[in-house]
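You will see chain A twice below: alongside chain B first, and alongside chain C after that.
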Partner chain A sequence: MIKKLIGPATSLAAPVTLVAAWWILSAGSTSPYFLPLSDIVDGFQQTWTTERMEDDLLPTVRALGVGFAVAVVTGIATGVALGLSARARRDLRPITEFLRSMPVVALVPIGLVVLGPGQRMEAALVAFAATWPILVSTSDGVRAADRVMIDTARVYGVSARRRLLRVTIPAAMPQVMAGVRIAVAAAVGTVIVANMLASSSGLGYLVISAQQSFDIQETWSGLLMIGLVGSVLTCTVVLAERVLLGWHRQYRSLERTAP
Partner chain B sequence: MSTRAVVSTASADPRTGGMRSGAVRRWSRWAEPALVVLALAACWQAVSVLDVLPREDFPPVTAILQALVSDLQTSELWAAVGASMEAWVLGMLVVVSIGVPVGMLLGASSISYRMSYLTLEFVRTIPGIAALPILLFIYGIGQDLTVSFVVLAALWPLLIQAMYGMRDVDPVAIETAKVYGVGHIRRVLLVDLPSCLPYLSTGLRLSGTFALIFAIATSLIVGGEGLGAEMARAAVVGDRPLLYARVLLTGLIGLVVALGLTTLERRTLRWHVSQRGAQS
Partner chain C sequence: MMRASDRDDRPTPTESGFAMPIATASEPTSEQNSAATAPRNAQERPVVLEARHLGVTYGRGRSAVTAIGDVSFQARAGEFLSIVGPSGCGKTTLLKALSGLLRPTTGEVRVNGTPASGVTPGVAMVFQEYTRSLMPWQKVRANVEFPLRGTGLPKRELAARAAKALSEVGLADVGDKYPWQLSGGMQQRVAIARALAFQPNVLLMDEPFASLDAQVRGDLEDLLLHVHARTGMTIILVTHDIDESVYLGDRVIALSHRPTRVRTTIDVDLPRPRDQIHTKALGGFIDLRTRVLELIVAERSVDPDS
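And now, the complex of A and B:
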């Protein structure tokens, strides 16, 4: 019982101490850029009125959500296909390697030119950026799925479709989710950059225009909100992981041995 | 994995034996992927020339390649590439000199590890891009901004990997070294560092690709000198082939960096216990 409480307590100690230290150390800050944390929190409340949320937060979150959903579907589907066929993997390798290592921000100007500014472009870029991590780790996971399990299922006359859905894909799930988790950071970063470069509303736009008008408090508020959006998305993915992988042997043992 | 595929294509046809199977193997390893690339380029060309997609927005491959070749002969482009790569190299030097020691130090004791790993795992998911405006206040536009932004964004993967690496050092090896009277500094150099190396090279690969993204993003967003600014310029002028050419070049640089870091990772991993079984 006590052990159960000490675990979370030690891992929460660092963030709590850091925030407290920030609060205390910044309290008397006269630096124009590093505001006291209390001022930042005040500013956050002032900045994020309901109206502001509708105008600036919602479009970004919507583009992010749509793009991310598209990425999850295409990433997993293509990843499974590539994982199953060694030949497809080899033949498409130059393309996948190229697109995957393409610094995704480089595509923002093209997205802007082709799709024009707006949520459509943002969602498309998010989808592109988030697809690759998911695709690559899904294909790795499918490739590494236990041969013995698959062969056993085949011997017992399980049809190919059921084999794929019931054996191969569940076996690949931990890696799929690892890819999804990496994709979160890519997706949020991309939507913000697209926002900063090419929008007249949205979270990135708010931050960059506040910066340009030297409104430091509002810059910090936007920054905090970006962090919050990223954190919420990460937490959602972690929760989904718990639900989807609770049954998985490896995952369970990982949870248990996790310090 | 490609070898497995090759074996199956070679054995599918029993007549191809001896000398020919080598040729077949080489052919299918290089020619098929190359053909796919060529076919895609041809498709793009056709779609663009026949105006299936607006030619204005999707210039033909030949025009893009032409723009790339003539762009590569200008000194402005090379100056921009130089500036971006300089920021990348400087940023990575700082990342390595902070990330490795701090990560190893945090991983060295189980208390500091437990206290920091959740926080760090969390920090790494916060999009680094958020810090750009604040850094812009402090440094203004220039190389300082780019380097500090690169450091801030790319530090975490390496630091976290270094921490995990230290958790994975064989305690028996440490005790053995202690028994033989190996001093503290020598122990770090002879035991800890080599056994962390696989983790460090993985961290280096992750950090390196991040760093490149942010090195380019900075000049794309705020201007200044760099590949990103060159892309923005081509977009503003409305020269589509040039824009595509510069994006293509950026992709190629990304590919070279990624392949280089992956090769480095494989090299450093080769001797490691975890890899020995896989190699044979």
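And now, the complex of A and C:
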């Protein structure tokens, strides 16, 4: 019990130290670019009025959320299908490899043309970028699901559907979640880039327009908010992982302590 | 409770009792005797599982490995077959073919007289790689219940069967642990409990006791004998332990090297019920194990790999 409380507390030590160091070291800064952290925090409060949140934060969060959810669903579904079928994997490899190596930034212009500016285009780009890591690791996880475990279920007459849902997918789950975690970074990066290049609102737009009008304080405020949004999404994924893969954390820690 | 009433407490026959073929003195008449499978009696039972000129080749062309050349044998209802053979001769492959997990390249498997297609219903298998056959994300109890879920069995019946099977293998109190929190031997017992809870018609076991210490091994051998006598299920057990093959089986099938054939079948005409101390002290037991051992040594001396 005590360990449960101390664990998260100690894991906060490093970030807290870092922020404290930043606060202290930047306190006397007179550089117009490296503002004291206290000024940044003040600016953050000034920048993020309710109105501003509705105009710039909400659209970005919505595009990010929708795009990410779509990526999780398509990534897992396609990944499972590819993981199960060697033939599909082989036949589709040229296409998946081609699309996967496409930088998302390059897709912004065509996204603009096809979907027009706005959240729909942003969500689509986020979905595209975040699908790949999930798809690839899901497919690997499904492929690596233990043969013996699946054969056991087959011998006992477990239906194909139940085998998939109760054996193969749970067995692949640690890898699926690893992919989802990687996808967070891809998704946040994509939504900001889309904001910057093709929008007239949103977090990315706010940062770049503040920078262009030399409002350094607001630039920092935007940056801080981007970091927060990313952290919240990461925390959500980590929480989901804890719920879904509680056994796996114990399992791994056991393996590590084994002689 | 059931165990006590089911136990068949006939006195252990003397050596002379089976030096002669069993049919002489007491032709089985009582119900009790029919449950304990005397080999002679077994000849009249229906064949439940049959391998007919079974052959399995892995891969194709140059890299093809013929694991099983031509294997034929029959398992009758209620029979306990032991299979012994050199390492890598295809014992696991044979069990996979018998269960329907693997389609034979040549020949066929017949189930109750008809050619098998796909996985045979009512078959349970305890895998050699037992650790890998348990699902690490499920607790022990859920692992044991898993094959029964989705079969329409009421929840209470399901839980009762799992609990009974776990207590039979001596693991009544680990239901709430994860398999990987248990020792290797305990995990193997969980896999055995899962098979018992399934109440199969045919139980296939691939070196199930190999990783256990002598004490637990003896206990589980006796548990298996007891379950066999009580339920009359057909058991096919692969082992590399010669004593075990003779102690448990009605017949011992000795396999050759690859490409594998049946080298010899040895009838084990030891009386049942058997027990670790008395059965293993019988002259007949010692003769039989010597014969099996001789066969295996002879097979080793023609090892193509060494």
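Criterion: the second predicted complex is superposed on the first by the 235 of 259 C-alpha atoms of A that agree within 3 Å, B and C clash if a C-alpha of one lies under 4 Å from a C-alpha of the other, contacts with A are read in each partner's own complex, and residues count from 1 in each chain.
The rule is simple: a residue touches a chain if its C-beta (ideal position, glycine included) is under 8 Å from a C-beta of that chain, and two chains touch if they have at least 3 such contacts.
If you're wondering where the values come from, they're calculated on a predicted model, not measured in any experiment.
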{"item": "Touching partner for A:M149 - first (chain B), second (chain C), both, neither", "value": "second"}
{"item": "First, second, both or neither for A:P170, with chain B first and chain C second", "value": "second"}
{"item": "Which of chain B and chain C A:S137 touches, first, second, both or neither", "value": "neither"}
{"item": "Which superposed partner A:V113 touches (first chain B, second chain C, both, neither)", "value": "first"}
{"item": "First, second, both or neither for A:S101, with chain B first and chain C second", "value": "first"}
{"item": "Which superposed partner A:R162 touches (first chain B, second chain C, both, neither)", "value": "second"}
{"item": "Touched chain A residues, chain B compared with chain C", "value": "B"}
{"item": "Overlap of chain C and chain B interfaces on chain A (superposed complexes)", "value": "none"}
{"item": "Chain C contact footprint on chain A (complex, rising order)", "value": "146, 148-149, 151-159, 162, 166-167, 170-171, 173, 245, 247-248, 250-251, 254"}
{"item": "Complex contacts: residues of chain C adjacent to chain A", "value": "96, 99-101, 119, 121, 123-125, 127, 129, 132-137, 146-147, 149-151, 178, 180-181, 198"}
{"item": "Chain A partner contacts - residues on chain B that touch it in the complex", "value": "1-2, 4-5, 8-9, 28-29, 32-37, 40, 57-58, 110-111, 113-119, 122, 124-134, 136-138, 209, 212-213, 216-217, 220-221, 227-228, 231-232, 234-235, 240, 243-244, 247, 250-252, 254-255, 257-259"}
{"item": "Residue ranges of chain A in contact with chain B within the complex", "value": "7, 10-15, 18, 32-33, 86-87, 89-95, 97-110, 112-114, 143, 181, 184-185, 188-189, 192-193, 196-197, 204, 207-208, 210-211, 214, 216, 219-220, 222-223, 226-227, 230-231, 234, 259"}
